[in-house]
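What follows is a group of structures, each given as structure tokens.
Consider the two complexes below, in which subunit A is the common component and subunit B and subunit C are the respective partners.
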Partner chain A sequence: MAVSDPTPDFLKIKNAFRHFATPEGGSVRALDGINLNVASNEFITLLGPSGCGKTTLLNIIAGFERLDSGSILLGGSSLLELPAHQRPVNTVFQSYALFPHLNIGDNVGYGLDVAGVAKKERNRRVSESLEMVGLSGVEKRRPSQLSGGQQQRVALARAIINRPKMLLLDEPLSALDRNLRSKMQIELKNLQSELGICFLFVTHDQEEALTMSDRIVVLNGGKIEQRGTPDEIYHRPASRFVTEFIGESNIFSGRVLESTPEFSRIDLGGAEVICNNPTLSAGEQVSLLIRPEHFHLKAADEPSSSRGLNAVLEQSVFIGRDHQLHCRMGNGQEVSALIRSSFKALQAGQPLTLEYDPAAWHVIPERERVNEVI
Partner chain B sequence: MRSFNGQQKQLLVLLTPATLFLSVFFLGPLLIMAVYSFLEPGLYGGVEWSFYPWSYGRVLGWADGFYEEFDIVYLEILLRSAGLALATVAVTLLLCYPVAFWISRMPSRWKSFCIFMIALPFFSSMIIRLYAWILILRDSGFANQILLSLGIIAEPLDLMYSGTAVILGMVYIFVPFMFLPVYSSVENLDPKLIKASQDLGATPFTTFRRVIFPMTLPGVIAGSILVFIPALGNFVVPSMLGGAKVVMIGNLVEQQFLASRNWPFGATLSMVMILFMLLVVSFYLLKVMKKQRAA
Partner chain C sequence: MRKLINHLMSGYGALFFIFLYAPVILVVAYSFNSNPVNVMIWKEFSFDWYINLFGGETNLSDSSAYVESTDQLFSALKVSLTVAAFATVVSTVLGTSVAVAIARYRFRLQGFYRLLLMVPMVMPDIVLGIALLIFFVGVGMNLGVTSIVIGHCTFLTSYIFIVVSARLAGMNPMIESASADLGANEWQTFRRVTLPLILPGVIGGALLSFIISMDDLVITYFISGVDSTTLPVFIMSMIRRGIKPEINAIATMMLMASVLIASAGIYFKSRKA
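Take a look at the complex of A and B:
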């Protein structure tokens, strides 16, 4: 299939609102003013906890649910007026939704059969599609005779056979075991580049999102918390919610003591940290974040530096290549660090200095916490 | 003697009562009827113990008039009964399928309520319910009174004692037999499959034809058989709502035993009806299965 030049604003979602009535008589905002543009060749992931609105948005694009207000354009024309069966998008469902009464060939060929494609062309495209997902020669089998991973591939082959302009994937890997899941993540990414179409992937698994996506949109309570590349989302989370949702991190509240163009000094209440974040003003309240893997252990004989947190080791957990250290600082706050395992055993109760690079800190001004909905 | 393991013993204990009951009270009477159908009729009911194939000849065509005479009317009645039973199946299916769909999409407490409502008529006697239908359908009944007072008709319609009245009554009696199996198959249909079909470009009609109907076919087959068999042999509805005009095979059998006192001929008609039913049902099943395998 030919890969055409990408269009930057291929999918345009503008002011999308949708609320649901709860059985108790209340109302839940599933989409609360979503604005999003997606390029025609982008692997974009909607990431968020359950109930954040990600599946609702996917269902609305697929045509299974309506929008209260707002607009969705695909390739310049409105999608909302079209019934689901006329939309140029296809979906890979969470539980695959393969037709149990049809064999694999007829499942994959379903989209062509209902479109009335000639038998010869249809059979050719069915085997082509199955080949693309690495599952040739199973046309005569029944869905129940295949493993979960194979069913997943059939669902993919079935969804791409109509050559959609956009593929919607609703947590398609959640039922697979860990090894198969990582393998499928890479295959999905490859398939997307091969097809050159937009994949809109919905998941609550941050690791999955970080692995595959060109861009991640973090949703919470029907609102977009942050959009950006996996790198941006991980290293420069825009809000405390994103920080807590993506990866493990140490989050502190602090007050800015001094801020110069080069560095800032922040008081954590009994401890002080130096970080490279020059846009702060003295006296300001901030949230500080540092990932556990950004700490280093300082050897006892090295001279102490100001760029370290003093803490007492409470527990050390061996997790393979690394040790996870649970420590407590002098002011009672907990801090966790991920340290490369070594032969030197660490003892609980041992005082440690957790060294950091001032650039590793990420500072979020407290005023942005207003957005938080928890 | 071979010994049984634990699981087999359990199975033996659980299945013995049902097997005994069915052999004594189902297979036994059936065998008696099969034997009686080949015996000579007694003068005042009962049977004479001598081989007598002429009852079958009377229905199927080899009676020559010496003992009995062949009459095509019995086969005609059998076919007409089958036609009425088929019509009952068709109408109950058309009524139940959309309703089953509608109820299966309801919140669960409404579901239970609706299913209860559908089973509710079973709580009263069938005879009483059929009398109610007489009150509705007779010349001075509710149906005619309403139509007359609305000015839709000038003369009362002849609703009672017709094939239509019999079908109406039978549909009324047999709706739950169709509804429950159809409902359970519709309820088990994964709504995601309907979504998937739409997503792949199928119109609602195509989705119905290619996904919904094939997936719910087992329920439709079960319902059709559950309605067809008792409808074919039913004699209460035709005798109450059909009068003398609509004689069905069930009425004929009843008459042979109770009025004509020709037990062997009644037994013969029953055996012919049973064989006919077996033929129709197995033909239907074979055809459906073949179609399902081809799809």
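Take a look at the complex of A and C:
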């Protein structure tokens, strides 16, 4: 399959609104004004907790649900007027939804059979499709005779055989065990670059999103919290929600004491930190974020520095290569750090200085939630 | 003590099944009793009643048999089979379509329609029978095979609806979404996915409907005409003149047919897709 030149705004979602009536008579906003453009060769992930609207958006693109208002264009033409079976998109379902009464060959060839593709061409494409997902020679087996991972591949082969312009994946890896999941993550990413089409992947698993995506869209309560590359989402989260949702982090509230073009001094209430963030003004309330892996322990013989947090070790958990340290600062706040394990044992109750690089801090001004970042 | 309780429980179990099946077993056993005068006094084993039913030569006197001619019996059987076949086909198509509609589409008064479809199952047969009779007479329709077929469809449709609905409820609705997603329109999805998956339920329901139709007496009694006597109605009229071993033979054969068809029905209904 030839890879054509990417189109930047291949999928255009404009002002998408959708609400659902709750059994209690209220109304939930599943989509609350979504605006999103997706390139034709992009691996884009909708990430968020359950109920954030990610699956609703996928179902609307697939044609299983309708939109209250707004528009969705794919390759310049509107999708919303088309019934599901006429849309040039295909879906990999969370439950796989294989046809239990058909064998694997007929499952994969289903899209070609309903389109009336000639037998010879159909059989060739079925084996080609199964080969692409690394599952050749199972045409005669039944779905129930395959393992979960194999069924997943069949669902994938079935979805790509129609050569869709876009593949929708609804948490397809959530039922697989951990090892298989990481293997499939890489395979999915490879398949996407091989096909050169857009993959819209829905997940609540932030690790999965960070591994595979070109771009991540974080959704919360039907709104986009942030969109960006995995690196941007992880290191420069736009809101406290994103910070808490992506990875583990220490979040503090503080007040800016002093801000110069080079650095800012921020009061955490009993402790002070220095960070590189020139856009602040004195007196401003901010949220501060630092990842546990960005702390390091100062060796006892090094001179003390002002760029460290003083805390008392409460618990040290060995998690393989690293130690997870749970500490408490003088003002009572908890702080966790991830330190490379060493042969020197740390004692609970021991005072520590958690040193940081001022550039490691990410500061979020506590203004309105930032919705349109890019 | 523990042992005693176990024995008592087994005894209770045995009594329970004797209670359920003893009358049926007696009917079968006495259908082979050659005593033409008193059904309940065992004389000797014989196939005479069966042979007699099929018009064969036996050494029974004519006065001991009811069936004046085998033709009468066979014509009743023919009416029953015709009615059951037509009623089953019509109610299977109607019941399946309405079950699919109610399970897969959203519309106003859906729950109410579902309820309306259940009601004929609990409606007293005698009420339904009288109502149908009044209706047919009211619209000026002659009572005959057609009226019996229509009458049977009224309650068999409910039966099919319930069996097929249960089958649809056990199906992952995403499977139909997947079919649409892959380019199949609604008819293709029904023919290639939905129907094959509910087919065991449809066939099972149809077989059970067939037996219920064959067996129905009360409703049929009201709406059968002079020349459209079904087998149960025919047997009923025989019984009025007293119980003779011949009836045991007919009952035994009906029992065998029912057990065979019902087993097939239950097998299909519970078969995994």
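In this text, the second predicted complex is superposed on the first by the 367 of 374 C-alpha atoms of A that agree within 3 Å, B and C clash if a C-alpha of one lies under 4 Å from a C-alpha of the other, contacts with A are read in each partner's own complex, and residues count from 1 in each chain.
In this section, a residue touches a chain if its C-beta (ideal position, glycine included) is under 8 Å from a C-beta of that chain, and two chains touch if they have at least 3 such contacts.
Worth saying up front: this structure is predicted, and the values here are computed from it rather than measured.
Once both complexes are superposed on subunit A, the partners subunit B and subunit C clash.
In the superposition on chain A, A:120 contacts neither subunit B nor subunit C. By the touch criterion defined above, A:64 lies against subunit B and subunit C together after alignment on the C-alpha atoms of chain A. In the superposition on chain A, contact is made by A:158 with both subunit B and subunit C. In the superposition on chain A, A:84 contacts both subunit B and subunit C.
Contacts of A:99 after superposition: both subunit B and subunit C are touched. After superposition on chain A, the stretch of subunit B that runs into subunit C among 2-10, 146-154 or 164-172 is 164-172.
In the superposition on chain A, the residues of subunit A contacting both subunit B and subunit C are 62-64, 83-86, 89-91, 93, 95, 97-101, 110-111, 113-115, 158-159, 162.
Note for the complex: subunit C touches subunit A at residues 172, 174-175, 177-185, 188, 192-193, 196-197, 273.
Touching subunit C in their complex are the following residues of subunit A: 62-64, 83-86, 89-91, 93, 95, 97-101, 110-111, 113-115, 158-159, 162. Listed in rising order, the residues of subunit A touching subunit B in the complex are 62-64, 83-86, 89-91, 93, 95, 97-102, 110-111, 113-115, 158-159, 162. Remark: subunit B residues 190, 192-193, 195-204, 206-207, 210-211, 214-215, 292, 295 touch subunit A in the complex.
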